[in-house]
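Both complexes shown next keep chain A, but they swap its partner, so chain B is in the first and chain C is in the second.
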Partner chain A sequence: MAGMVETTLPHSATQAELQASASKNRLGLWIFLLSEVFLFGGIMVSRVVLWGPTRPELEQLPAFFLTSVLLLSSFFMNRAETAVVYGDRKIFLNGILATMILGIIFLFGVVLYEWPFSGLNPANNVYGAVFFLMTGMHALHVLSGVIFLGVIYRNGRKGLYSPQNHFAVEGAAVYWHFVDVVWIFFYPAIYLMGVPPL
Partner chain B sequence: MKDLFKYGLVRGLLAMVIGTLAGMALVSVVRLALGLSIWNPDAAWTVGGILGTIAFMIGVGSLTDWYRAASGKPLGMHTHDNPDWSPLQRYLGFSVDHKVIGVQYGVFGLILFLLAGTFALIFRWELAAPGLQLFTGEVESLAGLTGFNTMFSLHGMVMVAAILLCIAAMMNYLVPLMIGAQDMAFPRLNGFSFWITVPSGLLLLAALPLGGVDTGWVGYPPLSTRAPLGMVTFYLGVYLFGFSGILGAINIIVTILKMRAKGMGMFKMPVFVWASLATALIQFAATQLIGLSFLMGLLQRVMDMGFFDIAKGGDVILYQHLFWFYSHPAVYVFVLPGLGVISEVLPVFARKPLYGYKWVALSSVGIALVGYLVWAHHMFTSGMQEYLRVPFMVSTLLVAVPTGVKFFSWTATLWQGKLIFPTPMLFALGAIMIFLVGGLSGPPNALVSTDLYTHDTYFVVGHFHATLFGGFVFPFMAALYYWFPKLTGRMYNERMGKWHFWLQFVGFSVQTLGQMQVGLLGMRRRVADYDAALGITTGQLAVTIAAFVIALGIALMIYNLIYSASYGEKAAANPWRSRSPEFQLPSPVPVHNFDHPIEVVGNPYDYGLKDSIYVRPISTPAAPGD
Partner chain C sequence: MAKDIQGFEALEQQKNDKYMIGITVMVILLVMTIGEFMLGEVGASSNGWIWVLILIGVFKAYMVVREYMHIGRVFSPDEEEH
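Right after this comes the complex of A and B.
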């Protein structure tokens, strides 16, 4: 099934080739994230149109806890990325692992606690529909980020990343921060802004 | 039989069937576990369609390399196709060569184009006379009026898919060649972008056997929540098709910004590359919004989420805003590459520099940016807030400014040129004339006061078809004839090409003016029957006959292209004496494009200026061109 033949293996790639490749990948990644801004922006617009100055009555503490968990994960992500630049394998791998665990806690919290115990149902009314659209689309991105980090962790343990060649780590980190920033907008839009309807 | 499995397409289709069935079974098992009825067609087809598409992408081999990379195996810095493959294996499998992918896009695009055209012929037959001709069966069945609605709905959406594919074909094939690159920036992503259109195109077409779609191509709720089952695969197919547009656009932008030949500044690029950049600037972002609107429509159908359900506090106008935020800029996606082709072809056959190169290049970007601000002019009668009408009217009229720049450039380029008229030139000139008709019939729809009368009439249909034939169909065919020798190494038949042009030009002029006339006399869109007392029977018959004349012309083109690809006379490397980099290569283009890297030493369109050259291979002495 393999469709391609390799002519040059990364081990033999020159520094200039690696830099050119990383610079293309970086631009592509950022354009992709800009495209995602339009997706989440559209969801945000839908929230503003459909909820207006109201919001559903939701439990505050669990959501605050989960938001803190996600923000904390970005710290470890940044630590891991810095470590790989300086070639510190231990801090790099531990940072990735910590980020993943915090991401999984967030996912479980949303899917297993917020969804069943929020009192909202997707089919009931527009509050349920928008709540599940926002948290669901965000959770899907967190999930893909966790899978991405899992790949990074496994390949990191094999020693595939070096200070010179680690674009995959950079890409995962930028993506993770992006998903985090989306939640910084979504959390207040769902839990804080507006007043519950009478 | 076993031999068949060496073709990626065959493996993909088989995997898609298995994946779809597995998805349906999964839904049924989950429903059974939840104590619901075992079969829910909406949910089964949604999950089946998604898993089927993933299975197709695995089966065709598009994920193999990424899987290898994820499991830690080394991947090459440079990719190319397996040299042991036969040509058929390469074209029917997962290739990473931008030229192969360009042809794959083009062939699949033309297949969908012919299918969508056939749908149009069927409902034009129905409209040729008052009363019902074809769709006389039970209203709810495909033999009845639902069948008529399905025909015009699918004509619209399949045509959109076909046009997106043909645009991608031109951009994929030409952009790397024109900027002197070996391939696109992300070759594997490029292959992925093409192959995902196949399962999503099949899902879109599956709407027909699944009971049809009766909402028109827009899929507006609340009608879409009550439409037949075909609506589900319609939404899903278009949603998945969007991945191709977004990923393809990212690839084009990075390729243009990062991979230009030495010395090729942004204002030294061929103008088609500028048009591609502008197209990609629309596509990479706006596509998310039609994706979101179709996703929400799908969720409302499958999971009863009330985004657009008034009873649950939803808002139907929201769907229209999200939908048109993409679907208006989408028409600029359709026409910008075509307008770029016109600017590319005219100087070659007028032997003159392109007039106002910088302005033409920037006008494409101008159209793209203004295009983001005009979407609600489709909704003047929808019941949206009235204060939105005038701002959107003004922004819509602004589009005429950059478009006018292009017209000035074209006429000034032709002025006092030494014109010759081979088929591509005829199509380029025809495109300008038809696009002018489309452009001039635009302001009556943009002005709120007149749009309230023309909205949803055949006048709009006539206007829209004139812009798309002038902006896409004619230029795309100019491109097909113009680059045919580069693609195949052979020349097309000039006589048949000219016949095709005249049939299509005359046929289309009758069609668009006829549509506008019956529209002004009171014919509404999306209606199978009309009153003979309106006095439009002759006009409707003329439009139908014109549609069949166009079909004849296009059939001639298909025959010409297929026949000439094997039996045409051998083409020279540069049959048009073009200065563009791709014409400095042998015909057909060799696998690795440029054996020697090229550098840019002049301006792209200095035709007729003595001793000026545009590109030359690095490290060889300069040879004077014309």
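Right after this comes the complex of A and C.
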């Protein structure tokens, strides 16, 4: 197939062995994500309990822009994963690169714009504490996702993934989409639900 | 030879279909996010509309988990792309 990614496996694993290994890895990955659901679920509960029907006064447009950037990054990640499955190396590498760039834009947007210009401080009141907890924990996961994608990009350039052997790419993609799903709930919880206190 | 060409074309079609699903999901997610943003802008999220925001969030998460994260693969390992 044209543009097929070359494989350099340490040993000549059969297709059945690779599939069995991927199934086990996949289950482990999803169990790990379940533990993450409890972590972010707990944070969400703290928002509901501590803020109640209120929320801090925050700028809407930058948050909407950053949310769109993260959603777009998920699209490129999906495109990259599809590409590696079908041996389309160029689209795969470009997709990973686009995902990383959009992830970095999101990260910079949160840390360099949202945090300093929110008018909140983590030590001042409950709004600042929960705001920084939610955005900070999420940003930490985006950062680890970007690092994970950096490793995938480097290995992809070396030709370590093939249509038969690409679980690492699937793992990175699932993790990245999970971080996106967390923001799907955090965005309205922080910026849209409730009214600013008088 | 003709069979090989047919197989290649079928694979290309399958790949293009997958790319198209990715684009469709993206458009749906963006449209729903614009909807959320507009609800927030008009201040509707302070009353009964909060449930609309929750429903939109749940639907968006469902789309991502189903179409991008391929949760079906966990329960059915044979469900590979090709």
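Assume the second predicted complex is superposed on the first by the 187 of 198 C-alpha atoms of A that agree within 3 Å, B and C clash if a C-alpha of one lies under 4 Å from a C-alpha of the other, contacts with A are read in each partner's own complex, and residues count from 1 in each chain.
Note that in this section a residue touches a chain if its C-beta (ideal position, glycine included) is under 8 Å from a C-beta of that chain, and two chains touch if they have at least 3 such contacts.
None of the values given here were measured: they were computed from a predicted structure.
Of the two partner chains placed by the overlay, neither chain B nor chain C lies in contact with A:16. In the superposition on chain A, A:35 makes contact with chain B only, not with chain C.
For chain A, the partner that touches more of its residues is B, with chain B and chain C as the two candidates. In the superposition on chain A, A:50 makes contact with chain B only, not with chain C.
When both complexes are overlaid on chain A, the residue A:154 reaches chain B alone and has no touch with chain C. Look at A:130: by the touch rule set out above, it reaches chain B but stays clear of chain C.
Once chain A of one complex is fitted onto chain A of the other, the partner contacts of A:71 are limited to chain C, with no touch recorded for chain B.
Of the two partner chains placed around the shared chain by superposition, chain C is the only one that A:177 touches, whereas chain B remains out of contact.
Common to the chain B and chain C interfaces on chain A are residues 1, 23, 27. Against chain A, in their complex, chain B makes its touches with residues 8, 11, 61, 64-65, 68, 70-72, 74-83, 93-96, 185-186, 188, 191, 246, 250-251, 253-254, 257-259, 284-289, 291-293, 296, 299-300, 303-307, 309, 312-315, 318, 321-322, 325. Those residues of chain C that touch chain A in the complex are listed here as 8, 11, 14-15, 18-19, 22-23, 25-26, 29-30, 33, 36-37, 39-41, 43, 45-46, 50, 53-54, 56-57, 60-61, 64-65, 67-71, 73-74, 77, 80-82. Interface residues of chain A, counted against chain C in their complex, comprise 1, 19, 22-23, 26-27, 30, 53, 60, 64, 67-68, 71-72, 74-75, 77-79, 82, 85-86, 88, 163, 173-174, 177-178, 180-181, 184-185, 187-188, 191-195. Touching chain B in their complex are the following residues of chain A: 1-11, 13, 17, 20-21, 23-24, 27-28, 31-32, 34-39, 42-43, 45-46, 49-50, 122-130, 132-133, 151, 154-155, 158, 160.
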